[in-house]
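The same chain A turns up in both complexes below, where it pairs with chain B and then with chain C.
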Partner chain A sequence: MTMSESGGTYIDNFPAEARVVRSALYSSFLALALGGLFGIIQTLHRTDIYRFIESDMYYTVLTAHGVFLVVTFTIFFLVGVFTWAVTTSLDRGVEDIRFTWLWYGLMTIGTVMAAAAILAGFTDSIDMSADVLFTFYAPLQAHWLFYLGLVVFVVGTWLAGADWFRSWWAWKQENPDERIPLPTFMVLTTMLMWYIATIGIAVSILVFLLPWSLGIIDSVNPTLTRTLFWFWGHPVVYFWLLPAYMMWYVMLPKISGGKLFSDPLARVVFILFLLLSTPVGIHHQYLDPGIAEGFKFIAMTNTMFLLLPSLLTAFTVVASMEHGARQRGGTGYFGWLKALPWRDPVFAGMALAGLMFAAGGFSGMINAGMNINYLVHNTLWVPGHFHLTVGTASALTFMAATYWLLPQLTGKALWNRSVALVQVVLWFLGMTFMSNSMHRAGLLGIPRRTAEPQYQGFEFEAGVGSVAELDFQLALGGALLAISIVLFLANVVGTAFNGRSDDLPANEFAETLSGPEDSPQVLDNLKLWTAIAVVLVILAYSFPLMSIVDRGGLYGPDISPFPVSIETLSLLAFTLEQYTTAAIATTGEFVQTTLTGVIR
Partner chain B sequence: MRVSKEALLIILAFIAPIIVELRTVLAWANIELTVLESVVLGLAIVALVLVWAFFPEDESSSETPERQLSNGD
Partner chain C sequence: MGQAIEKPEEKREIGHDEYNPVGTLALILLYFVLLVFLWFFMYFVEFLGNDPTVVGTVVASGVVG
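Up next, the complex of A and B:
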């Protein structure tokens, strides 16, 4: 599908937007560099191979590693690639470029504030720190600047979403009978999920953590802040993943030489993520004593349903790749795999990322199961899992996508394709070593989030091999990943300083074998899916939250429940219940009417 | 060379996880390897792949149908 009549590169068609997208990507890569640096420091320290920081500084390093990579790197990349996707697929620029720069500016200011609070933890001369890790719930407390920075950053992402919705509404006025183009549909559904998810973190920060860090309130209810964190903390996983999914759907089939197998299936997948991403966060709290088992069981059930969109994606993307390979002359049951463009770092990176994501999905099922989760909870298994998901499925896809996007955004050819191919393969190798050793160490019960995993007077025993070997594998993997990041950044810098090229492909994304015309119109009814998503969140969270507040108080035990009393909360609970019942009834009628219309 | 250098790189990457976990898999069959033995086995597998990749393709085998055809004549 050609996105512009002129068929030029992105920068030819949208020069102003290209500058914003480029800035977002460069911000993302700066965060990658910083986060990667703290990653290798942490790896070498933890494995006791090379130590040059004190262990009491480990949490500062770990917080910087986590926040810079899973908040800054991923989300800056997301806003960049989503802006590219919306403008490309609607074939129109943003409505007001000053507004676009505004949200980018807010995100940057927020990042600087949070980063200042984190990095100040390295020196005693500044009375400020934020050693609270990426999972910044109580009882760990950060400086208020950290929380305020996060607020500004998230407001920036909200405005970015508003910018994309504004583009879509303007496009819709001119194209009232058209289906939403697939990349824009993916962006909008992802942002609707994000708006719902960030309610949890907004309440957590604005009502509890920020006033607490400013001394306005004396204490908080840790279980409540944990639950509100995970209200956001699980869907943010899909906020990292869905841009990668989008690239797998809209770029990978094209680079494979074929077409997307099914546009309707892709829409169903993104709707399922909108519906199911948020009402599952309690599966991160299986070992929290303040939440009843029944609520955890509901969260587990919802989580297992989330496997469905991932499996649908695996099917659709592999089918699209097979179609591409057969167009390129591939034959046989598996022989077509050889016909894929493995020399292309864009393809190789995305395909290897997808492969590792499959492994991450399997370990994710272990995490999600209430009973087997107890075996691996808070062990190194969990970082092993998410280094396959966000650390590879997202990060490696983003890096591979950069090799396609950067020339589009700069008008300059990629500096070195061979280095790019080596880089993506090194990432795969490094993550194989690191993640594998983390998973295995987790099975032995070796804990996560500690500088000193070797307990005194106790030896972890590996079933096969030894803990020292696992440590070596972990450090080797970390070192390969660090080299991979250096190669990636070298390619980015090299490309930025390259001369302009007239030999770049047009800014296009994949055509479809089965297009939107094959899907029911109801898939594009964003209001309906949002309403159902909200109802599911209310069902999953209202009673657990009320129970947590009832048990531990809104601001923790022994603290006056200001400004809400338990009595008013009971009234609120009753009112909420009434509204929920009414909303379910209304939604049910609406769905019935809509489905009847569709079936007719 | 049977495959391109890029394809060889990808093949070696795919082999890495197998080599890393081969020791564990063999342990299930009561074959316990030391680290050194595992490394040697891994290097041997890589060497085999390299030999296969760099070994020239048997050109005569691809010409066989033509020869058979000419013999038939």
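Up next, the complex of A and C:
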């Protein structure tokens, strides 16, 4: 892979970009600190170990925990690491640094607006609140500032994507015959997915929730806003995950002492995520009465296909690590694991995150099954699941990656590697306790999103252990995670105040065993994959959305300012069907030739 | 403090054709066995008892229906 000629650190080669990336990462860590604080408050409250807030404030805490961690922390990290990836792999700075600061500024302003609305919920002196949780669909209503903040934030991410596309187009003019470098390819496919996914949330906010919160419209159709939320709410989980995947593909092999096993396979994985991330959102709504079982079944089928790219990733990433281990002298079927650099916090953090993700894969399969989902729906099992995925696979990878990135961005050595190693291991241990107890509690039917899951005249029966034991594990895990966050932040601050170091490794990413030249050119045809992705979304969503509007009205059952006639709907449905069948038939051939080319 | 990454001590170079990821295969088989076990276990958790999803006992007698 091409690297900067100078072979220096990132800040040596791209000082202006390093400032933006650093700012994005610091914003992300500030959100981590706040979100983590609300996390431990919530853990101690619901386990009844220490309650110092009123239970009616629990939703404010829960909203802050959710929004700050899964929107602010993850996405600010994403834009930082994606800027690093594009500039490093194209070996060129951004086209206009003012534009880069513009989208960073928009994201920051949006965050401040949404955060103000959420945090105002803690005081009665301001008539403002946004206790709507991260899943901010109706009937819960937030202050308009919350929705407007989200809009500004999302527009910021759109412009960030435009910035990276602009870099790629400029690079392509100068390198017309070259394949897209892998990190840039991953960034672009992820952003295409994001553009499609955010249509749902843009419509939900701009057409329904924002006018509703401003009093312009009187009511909304809750099922419609839920469905539009999940249209975005599932792909957003891949928006959290794909930066972590990118680091597993482009950094982990190198840190293991080896090379990426297959560049073509990595491209296929990201294309599959672009295609399949969005047409699955209805699997979050298996228990919604307003959606027919058939539509749910289609969502389930798509979801099961979505396991494929994650399993492909498990194979490619582990095979790349094994390559490193064998080059370092590892032998045997399992003995090679000992040859991996477990004392390196960057490696240990990412590898442990991957291991946790394998466990999250199983609970995800349970969630995805329509019938089994009934067992765990709305129970503590579900937070148990996503604390393994976004809470560990993403978060722990981001923290481990920071130990590599921060010296690159500041030119300063990491403050303390031992603290870093303890930190990643503590996260792993803490999450083992917390997530295990959450999954088990969910199986007993203990609900999620509840301040006091204790009921008069009713006791949950634990098959193994007891509810008190589960509560203890949950609180212990939460406490370890809180300590881990403190250690992480200490390392970030310590590094920021370190002196400049001349002894840093060059800004490089992993080489490949099998490079892009081994894959068909069509993999880089982003227009084709985007077109197929759009068709799949239309197939999965047009009929459910039409039937929801048909049943409940566009603006809810009470008022219907835009009367919807059944005749026009069925005509529209028929035209759509004809259209998509034709489109699928033509793209089908493309897919077939591509797959044969890739598998060969 | 040292560098952010320890320099991997590469002992030998293994190319594309000589590399055979048997360790990866071993791990994947292990994961597969674990998944099968968990699915099997789930059968006992969910279906064998044939109980409703929320499992528990109502202790008080004065529950208004």
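Basically, the second predicted complex is superposed on the first by the 559 of 600 C-alpha atoms of A that agree within 3 Å, B and C clash if a C-alpha of one lies under 4 Å from a C-alpha of the other, contacts with A are read in each partner's own complex, and residues count from 1 in each chain.
To be clear about the criterion, a contact is a pair of C-beta atoms (placed from the backbone, for glycine too) under 8 Å apart; a residue touches a chain by one contact, two chains touch by 3 or more.
Quick caveat: nothing in here was measured; it's all calculated off a predicted structure.
S.K.: Based on the superposed arrangement, let me know which partner A:370 touches: chain B (first), chain C (second), both, or neither?
M.R.: A:370 contacts neither chain B nor chain C.
S.K.: Touching A:315, do we find chain B (first), chain C (second), both, or neither?
M.R.: Only chain C; A:315 stays clear of chain B.
S.K.: For A:53 in the superposed arrangement: first (chain B), second (chain C), both or neither?
M.R.: Neither partner.
S.K.: As a test of reading the superposition: which chain, chain B or chain C, is in touch with more residues of chain A?
M.R.: Residues of chain A touched, chain B against chain C: more for C.
S.K.: So in the superposed three-chain picture, is A:256 touching just chain B, just chain C, both, or none of them (first/second/both/neither)?
M.R.: Second partner only.
S.K.: Output check: A:421 vs chain B and chain C. Expected answer is one of first, second, both, neither. What do you get?
M.R.: It touches chain B, and chain C stays clear.
S.K.: Please indicate which partner A:444 is in contact with in the superposed arrangement: first for chain B, second for chain C, both, or neither.
M.R.: In the superposition, A:444 contacts chain C only.
S.K.: Is A:506 contacted by the first partner chain B, the second partner chain C, both or neither?
M.R.: neither
S.K.: Tell me which partner A:531 touches in the superposition: chain B (first), chain C (second), both or neither.
M.R.: Once the two structures are laid over each other on A, A:531 reaches no partner at all.
S.K.: Taking the contacts chain A makes with chain B in one complex and with chain C in the other, which residues are shared?
M.R.: On chain A, the residues that contact chain B in one structure and chain C in the other are 343, 463.
S.K.: Chain C touches which residues of chain A in the complex?
M.R.: Chain A reaches chain C through residues 254-258, 261, 314-315, 318-319, 322-330, 332-334, 336-337, 341, 343-344, 346, 358, 362, 365-366, 372, 374-375, 403-404, 406-408, 413-417, 443-445, 456-461, 463, 498, 503-505, 513-514.
S.K.: What part of chain B is in contact with chain A in the complex they form?
M.R.: 4, 6-7, 9-10, 13, 16-17, 20-21, 23-24, 27, 32, 35
S.K.: What does chain C use to touch chain A in their complex?
M.R.: 1-16, 19, 21-24, 26-28, 31, 34-35, 38, 42, 45-46, 53-60, 62-63
S.K.: Please give the residue numbers of chain A that touch chain B in the complex, ascending.
M.R.: Interface residues on chain A, with respect to chain B: 338, 342-343, 348, 352, 421-422, 425, 428-429, 432-433, 436, 440, 463-465, 469, 473.
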